[in-house]
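Structures for review follow.
Paired with chain B in one complex and with chain C in the other, chain A is shared by the two complexes that follow.
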Partner chain A sequence: MIDPLSRTLARTRWLHRRIRARVGRTDGGGSERSRREETERNAKSETEGQSSTDDRRPRPRPDGRETVRAVETDGWLARLRWSAGLQAAIFWVPPFVLMGWFVYGAIGWNFLISLTDWSGLGQPQYETFNLEMYARMLEDRSFVAAARNTVVLLIAFTGAALGIGLLLAILVDQGIRFENTFRTIYLLPMSLSFVVTAIFWAWMYNPETGMINVVLGGLGADALAMNWMSDPRTKLFSIILALTWQFSGYCMIVYLAGLRTIPDAHYEAARVDGASTVRMYWRVILPQLQAATTSAAIVLMVFSLKAFDFIFVMYGDTPGPSADILAVMMFREAFSRTNWAYGSAIAMVLFLLALAVIAPYIYMQYRRGEL
Partner chain B sequence: MGTGESTTTEAATETESARARATRGLDRVGGRRIALYLVLLALIVLYLSPLWSGFTTSLKTAAGFATTTPITPPLPEYVTTEAWLEAWGRMRFAMVNSLVFVLPATVLSAFLGSLAAYGLTKIDWRGQIAILLLFLIGVFIPYQSVLVPLRQFWTIVDLPSLLAFSSTLAARSDLIALAITHTAYGIPICTILFRGYYLTIDDDIVEAAKLDGASSIRIYRRIILPLSKPMFAVTLIYQFTNIWNDLLFALVLVRTSRNFVATQALNELQGAMVGQYNLQMAGAFIVALPTLIIYVVFGSQFAKGLSGESGG
Partner chain C sequence: MAQVTLNHVTKRYEDVVAVNDMNLEIRDGEFVCLVGPSGCGKSTTMEMVAGLTKPSEGNVHIGDVDVTTLPPKDRGVAMVFQNIALFPHMDVYDNISFGLRLRKFDKEEIDRRVDRASDIVQLEGMLDRMPDEMSGGQRQRVAIARAIVREPDVFLMDEPLANLDAKLRVHMRTELQRLHKELDTTIIYVTHDQAEAMTMSDRIAVLDAGELQQIDPPLVCYNEPENLFVAGFIGSPSMNFAEGELVANGFESEHFTVEFDPSQVPGASVGDRVTLGIRPEDVFTVDRVQNLSSATASIDATTDVLEPMGDEIFVYLVLGESAERSMEGETASSNQLLMSVNPDSDIQEDQDVEVVLDRSKVHLFDTASGQALAHGIEELPGPSAGTGPDAGTSAGTGAGEGTESPVTEAESDR
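Right, the complex of A and B next:
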């Protein structure tokens, strides 16, 4: 996601020289420091090979905090740090307050609402709080159906998008011509609004003149032509297929980034060992893509929890029990039926699910000092 | 979100493309090579088919899309631009509305994200990680979990009466609320994107400026901001696409139909024009046009923003 390091470094060095010239300082105080950082970095890359599960302290941070802490006993420096904290606050506090209110303030408020019995046109009464709305979910059959579909969507969509994305990445990584053009086209659906893609796919799935049934008919597979969007058996599948189409390009980008860090030597070694292509990718390459898989899977899973726009445009707020998901159900209960408290309770479930997906990942990153 | 991941992406997009990778994967043998290109081309057909079917249909008359398949280009007797013109006539006001609220929200969220990232990267203080975590989780929250309070909040704030001094602003208060909302929810991802970038900026340069006696505000304005240009390109493109494409917040916050945004108006058009597929497809393309153009022109920045979402 950033410029080539070399280019950035060259630019910073140039600026650095300019500033030095301005300050009138030509000695190499800074270069000594960068040398130290370099050794730190080397030490880091040496340990990188070790397993991440052992209980290691976080690595030296890239911003050099460890080095500062070493001389912290000095009272003058401690004061400086304190004032640095104040200076930093000028920058992060205003965005943090705005974001904090809208994100965490709103989630807290939402939790409060979910404990009331607010519905209808009036205002919520923050007097008696109970878990009634959460109990109501368990007895609500449409909640159970929506929760089941959400899980199916999460697993099937994440798996399909990752699989196809990996395939695309491997194909594009064969040193082909016009690689950029291919990549651009596979990623293109990602730039479109779900409102747009839902309208395109509704037309694709049209039972009489839609592209899918026309092609199936042309191939002589009329038996497979279905009423994709209204048949309860294929509703969820139709959604997953379209979303996979939209997101697989994204997975391709993440996997390509991972593939490009694998040295050619690993391919050659597998070749020398006489491994077949499939075997080589399965045994040698795939294990090295674990980081890419994890981070893409997190994004896809969180997306599938909040997938709303696409389904809403295709089916409105009532997709029926075979395609309903929690994100759509929440909107329907709150904004169409004015069951505000119930909608808020469903929203809390979604929030906790998202947290359950990302918490282990963020914790892992934190333990490895990669945050 | 690992720093290792960010160097990864950079390597992918720029340095390596020139490198010959003949030894990788499928053999250099001619036959296999041809098969590879055939598969890649077939995939292109698959990936573009929804757009192709929409595009041909948008240029056909009603008789045209009813009697010919969506694969066939519009035949001379069925070709018409009427659907495009009518869709444009119906959607124009919403396209303007979208532009009016998306642009400020994009710029503001990127700028605030850059400020926050600078405060969390280049100035050393305790507790950075805790604050950073709150930003990071903010990237991933499902917006459903804030929708009901959001509606309550904007009901209580009551922008129309706050803006009563100007009838234009009061009438457009929905769009202002939408811009502020999108700015707030865009801050986390912008902060994460900028932070990944600022970590790669050499500290020496900031240290040198500090020795020079420059305040952190001065350092930000004179050093960090000019260095941030490439990341601003990535973030602005990412945010513009995201905010332009969103429907959910608009459904909740925009109440008067003259303030409908593009995605919302398209959804309405689809609901009102049942069966008029040429009109629906033309409308879909009109809404997609701004993001499509940006994607075609700034494809690599768009990809960087996306991979930053998972790997920054």
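Right, the complex of A and C next:
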């Protein structure tokens, strides 16, 4: 019989092989596709380089001697001139410069500002750099509350949207009538602007005229009716609920695509083997939806980190400690209170959080050769 | 072990009837193949036995229990699927033991059963492999082991070899026969491949358009098909058919006649439209007819296309003087005859030949209903009507009668 260690090792080997198979690698180098493209590029480059070199080959002088130096110079110049990278420069240089300047340059500049003590309407002083703003965060209760809310929002919103999305996908996948209609209805919120969503959820949360309290009252559950957007106990929950409503449809689509790739025989085999519906999904179907879960979770987590517009429309720049998140706090510190350096430091923390979420995914994609 | 009974089982999908009033009794320990073309209802029938589909009408019994409304897990069945359906995230051990773990068997018992099952299907040393590390045949064995380990009353196999290559399919066919011998469990096996059905099963249930056409041992289905569908479906290449009329001295079609006393055909009278069926191996050229006990009169034909298969040659014959060579269209098929000859035959394409049919292997069907009227016909009394030697006559039988005699005789003839 097999011991657990052997089985774990076998699983690891299998996962490794799957990744390698998808990447198409047979050694530690680049992917098969990239190697093939490289070979083709080289062949093309060599062919073209060769012909151009041939064209430019120094003609024999009347005395029968050739200029060896000219041949060498012509060689690397020709190679440079005809290199694929240089030929494609017109396509990659403009976006490279624009991205480099406006995105990565801005991130770098932001980091520099976060190391200064720039505030007010003056200019930043780039003479002394320190980590004062980062140290200030640790003592700032607003920052701690915003960071906590950000993490709670990230986890709760992502979990809820994934869970509801999966449930909807499973229901839609049952071969029900009007499947396409349901799919469209569930996906529709995703097409709305976050500003629009925030406004009508704010209406629905209205304690007097909002639909939620009216419905609760109608059902005789007046005790549950409350001031959803003002009560510190329900503020963050209200935001999570609204965001979950908007993003569950997206998760449903991702999961539905995953479910459609699983053969019916897997469901039938599990049922014949004695699995209940819950166990069948938990032990057989869900593990096969790992890729769908990962990609949907990444999108949701990144969005939750920058859910600024939604909260800003609902609460303005001061949602209070129970609903404040780092994105809103960054805006408030930088643009309302002109604490530019502190705002930049918060922005750097947000950037690092986003990087922590997305970096493993990008690395995984790189390993698979999808980048 | 258990017998499986389907009583008046019907399955409707909105306006489509997938299975229509199916009555089927599969005996304990029997290996029964459900065969038929795509869409004939064989998989639906199996799904109803498995509990994956509920019948619209009728009931299903496994053993003495009415399982019509029971879920699959409570029916004592295990199933092997066409696309194998191994869970890709589980290794072989987990795949095989999945059903046992769900039923909360203790670890020792699970290990014992997995060991036994993997031993039966020869998977020792592969239990820690993942499905995508295995060949098609190995994966199929895992799927079978997953069924064995449950120790079910009934094995259900839904075209389990369909996705394998031809060589592996033949090998796995033998493995399944060995498995059946070893386990002696009831097996219901769905296939559209009649060669699989012929070689493996105790009985074949032939289905068409959701209805059971015949259920009999393979050779009975082959030699005494109950209707035109079974006659055409069982056997490769298919049986030759010629539409014609029952006349006073036998059968008459557009291109040939076969003389016999029509009174020996029960359920038909002179003037009725009948279809004559003859298998390719029961058509002979007159120069090779010496060993044939009862040949019909010779039929003029021209060879068209030859298909050398190695162990035999299939010869497409075009009947009649104005033979049309077209292989397409109704007219073309009605004047064609497929003949099987020995590989050492010197027969050529576009050669004029005279052929005879083995009377004992001629089948007659009612053209309108498709039902078999007779299997094997006797010569007319008196002077021989055929060109073959007159040594003896075959036993003419009504449909379903005298099964053994023509078969034995035909085999000895060849």
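Please note the rule applied: the second predicted complex is superposed on the first by the 288 of 371 C-alpha atoms of A that agree within 3 Å, B and C clash if a C-alpha of one lies under 4 Å from a C-alpha of the other, contacts with A are read in each partner's own complex, and residues count from 1 in each chain.
As a working rule, contacts are C-beta pairs under 8 Å (C-beta built on N, C-alpha and C of every residue); 3 or more make two chains touch, one makes a residue touch a chain.
Just so it is clear, the structure is predicted and the values come from calculations on it, not from any experiment.
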item	value
First, second, both or neither for A:D273, with chain B first and chain C second	second
Partner chain(s) touched by A:F312 [first = chain B, second = chain C, both, neither]	first
Which of chain B and chain C A:P287 touches, first, second, both or neither	second
Partner chain in contact with A:I239 - chain B first, chain C second, else both or neither	neither
Partner chain(s) touched by A:V299 [first = chain B, second = chain C, both, neither]	first
Residue contacts with chain A in the superposition, chain B compared against chain C	B
First (chain B), second (chain C), both or neither touched by A:M137	neither
Chain B versus chain C as contact partner of A:P263, first or second or both or neither	second
Touching both chain B and chain C, residues of chain A	1-2, 9, 11, 268, 271
In the complex with chain A, residue positions of chain C that touch it	47, 50-52, 71-73, 77-79, 81-85, 87-89, 91, 93-94, 98-99, 102-103, 111, 114-115, 127-130, 132-133, 146, 150
Interfacial residue positions of chain A with respect to chain C in the complex	1-2, 6-7, 9-11, 14, 17-18, 21, 263, 265-266, 268-275, 279, 283-284, 287-288, 290
